[in-house]
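Following: one structure in structure tokens, then a few remarks.
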Amino acid sequence: MKAFNDLADFAREDIASLIELATRLDHSPEPEALRGKVLSLLFLSPSLRTLASFQAAMVRLGGGSFVISPDMSIHGLETRPGIVMDGTAAEHIREAVPVIASYGDAIGIRAFAERRSLEADLAETEFSALTKLANKPYINMESAMNHPCQSLADWKTMDDLGIPASGGKFVLSWAYHPKALPLAVPSATVHMAAMRGMDVTVLRPEGFELPDSIMDKARSAAAASGGSVTETDDRQAAMQDAHVIYAKSWSSTKHYGDRAGDEALRRGLDNWCVDEPWFEAARDDCRFMHCLPVRRGVVVSEAVLDGPRSVVIHEARNRMLAQMAVLHQMLGGSK
Amino acid sequence: MKAFNDLADFAREDIASLIELATRLDHSPEPEALRGKVLSLLFLSPSLRTLASFQAAMVRLGGGSFVISPDMSIHGLETRPGIVMDGTAAEHIREAVPVIASYGDAIGIRAFAERRSLEADLAETEFSALTKLANKPYINMESAMNHPCQSLADWKTMDDLGIPASGGKFVLSWAYHPKALPLAVPSATVHMAAMRGMDVTVLRPEGFELPDSIMDKARSAAAASGGSVTETDDRQAAMQDAHVIYAKSWSSTKHYGDRAGDEALRRGLDNWCVDEPWFEAARDDCRFMHCLPVRRGVVVSEAVLDGPRSVVIHEARNRMLAQMAVLHQMLGGSK
Amino acid sequence: MKAFNDLADFAREDIASLIELATRLDHSPEPEALRGKVLSLLFLSPSLRTLASFQAAMVRLGGGSFVISPDMSIHGLETRPGIVMDGTAAEHIREAVPVIASYGDAIGIRAFAERRSLEADLAETEFSALTKLANKPYINMESAMNHPCQSLADWKTMDDLGIPASGGKFVLSWAYHPKALPLAVPSATVHMAAMRGMDVTVLRPEGFELPDSIMDKARSAAAASGGSVTETDDRQAAMQDAHVIYAKSWSSTKHYGDRAGDEALRRGLDNWCVDEPWFEAARDDCRFMHCLPVRRGVVVSEAVLDGPRSVVIHEARNRMLAQMAVLHQMLGGSK
């Protein structure tokens, strides 16, 4: 495996194999599989779960990792091409990325969306610029529009819980948040659930439609897997017979990168906080999913988050297991 | 071992076994004992020795660790229950702690006293709230009123140096410091020395008495071990025939959490700096102990700290060995 | 090996052995060589390559490391002797260094020049004060006037590329930079190339002469190896038939530690940016070397840095391999 960048790069059987491997590694540890192997971890955006779960994953497989973050250890990295570096940044990504990559057998990179242009972010211009410099197998630890490690963990979580793929109803719901957040998780999630063969509904207020290219990609995946993808702002209809509600806030796509416009649109939407009444028409065992971190009382009520529907800790633990499977395949633990 | 939280949870023979194991691991390394095992390290308060010694301990046993600190990698953690999270904190400990714990086989947690209420701190309300969320074996890396890893290391240090348990005279002395410091180390230390069977004197100026419940706990330990615990402000009497003086500054308990009151009381006490004249009535080989970090020329004179009485580096190194023993027992290296 | 502090402490054959070992470890990994061994890493100055490459090196050899940096985890370290510590620093290096060292089998220390006095920096007063406290084998990760890990990596890079030792022409050129930078790399580099037996020219504008003691040391090495060392400000002459140009900015030695004086001298020297025309008289295959980080368009043009002459990534990767060889010999992987 040369890259783990997008679930769309894999066949469904490949994903099934990764999940099977993740489960096996959970029950039958392989602390010699990657001995002496090194994972470089480059965080251009902050992290808790990703930081912790990748380090833990490498230790469990007998290898190790190191972390580079501009805030932690260096005075910022210049990213602009063709620049005369007479400002504060002392190093350019054109040196930093290949050097950091050269110390590892693979590299994980995290870089959130720049949010200057929706087109540039949809094209993953920044992330591609970074991975092209790496010259090593790489893992997308969250880019502008993708988060494949989260999606693999979420897929495994639904498998673990017996949530049906074919015929399973998956609601991806926008939720309120005081700030405009990236589109990476919703974009990855709608595709993941569609690729799993589920009937996916994107529930969101007007102005928060997911970009067309994201929806088209999910619909292609659904066509291949026997699932479906629809979009609505009708909460009642969306939640009808749902197996899962996956909540996430994201920025307005109408006012992408425009803080004032986004805030104006967001105003008055603080009732988009997932609470018990949302589940009235859902299946009794409808689950609540979220990638974390989550703001209690804002994105979801305490009752739901602490109640039996919530599987957020299960999802988070699966991050480590899913990544162990990816690393195992990528770094030669698997033949 | 499900928790290493308080020496009082263990019998004296258990402590002896841990110290024996620590010594054995020092002389006969076991770099395969914990292969593939992960220790999660959560620092809600800063650290040098603890941070370094736990990481080193895991490597020496063939495993590894990862560190999460709110300053390093995340934008603060919310701790208040029932809060609507519309402020700056993006994550609540109710998710962060179980997730971090889920990546490890055990978790170490450090959280200093909040210093808002002496009762709450004596009850370890904050620390208990954290460990209850962990759902994994845990290690207290310093809480409001305890520091069992330091105490185990100090006990081992006295064993190493042949300082008698029964009949050994141990002086825990308050020392001057410009700031009000936590009660964790003095509280743990008075109990440790009493449990070891020593005759313990707490030497402190008025207003700096240790809380009754701490003294009562130490007296119970002394009753079981054949030791004793007394309290005084008479330096001459306290130091008479002492085997050890353990210096530590701590906040006033009369003005707990009240900075102005504490400072007023502290004023004029800067002669509580342990210096060679203090040792006049002590045994010739009386040792100087301190948990570090220590302010030279404030808490203790340079002559004493750099002289032959001082065993502070020995204590600090024993932190690593003591923790290796705890981890070895907790994570299955020991049968 | 008790210390890796200065290439001058080693015979040429010792360096050859280290480079051979580095190459062997690159092709034949030894993930069991240092199992359970710990390297303490103390950074009193910031780092990217050094931080990453030492951590990766220890993992590749089966051991591990921990990092202590005053910015990351502690409130600064006091370094002044005889001080009454009533300010902000809570710990003195007299405790911190031996404690940190005691957790490892060896310690790496980085401390840039203080730049208060050229004499003190040339005498390595600060760095010696630190290593004397360590009481463990130590590695110089860059001191006021040395950077032996960089030099070993650079030597290996020239061997890898077939750049001749005897008869090879090596130009160490000053380059423009907005700030006054340390003398560590140029001092180590001129000595390294001379010790390798090359004909070394130091090319620099007036006022940026390297200190006499540094030049004398390099000339002694050249005398023993059959090389030579000269100094000039004539770019054309210096570059004639050069095999290598190694660019680096450094502070004025005439105005050492005097920011205003240095800046005045530096003004108008921004044409000291290595660009393609510099290579006119050089050998066609003349290489461009730099220790990184490097400011694009300031120290070197983009065309040169991204072109075929540049071997900066190769040098940086060799940091890890060179350090693996040093660690292997120091920590007992080699017999």
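In this document, chain identifiers A, B and C correspond to the written order of the chains, with residue numbering beginning at 1 in each.
Heads up, the rule we're going with is that a contact is a pair of C-beta atoms (placed from the backbone, for glycine too) under 8 Å apart; a residue touches a chain by one contact, two chains touch by 3 or more.
Heads up on the chains, UniProt names are A, B, C = N-acetylornithine carbamoyltransferase.
This one's a predicted model, so the numbers in the text were calculated from it and none came from an experiment.
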item	value
Equivalent interface positions on chain B and chain C, same or different at half	different
Inter-copy rotation, chain A to chain B, in degrees (Cα atoms; steps of 5)	120
Distance between the centres, which are taken as Cα means, of chain C and chain B, whole angstrom	40
Interface hub residues of chain B, defined as touching at least two other chains	64, 72
Residue ranges of chain A in contact with chain B within the complex	29-32, 46-49, 51-53, 55-56, 58-62, 64, 69, 72, 178, 292-298, 302, 305-306, 312-313, 316-317, 320
For the chain A and chain C complex, residues of the former touching the latter	35-38, 40, 63-66, 68, 72-75, 78, 82-86, 90-92, 94-96, 98-100, 102-104
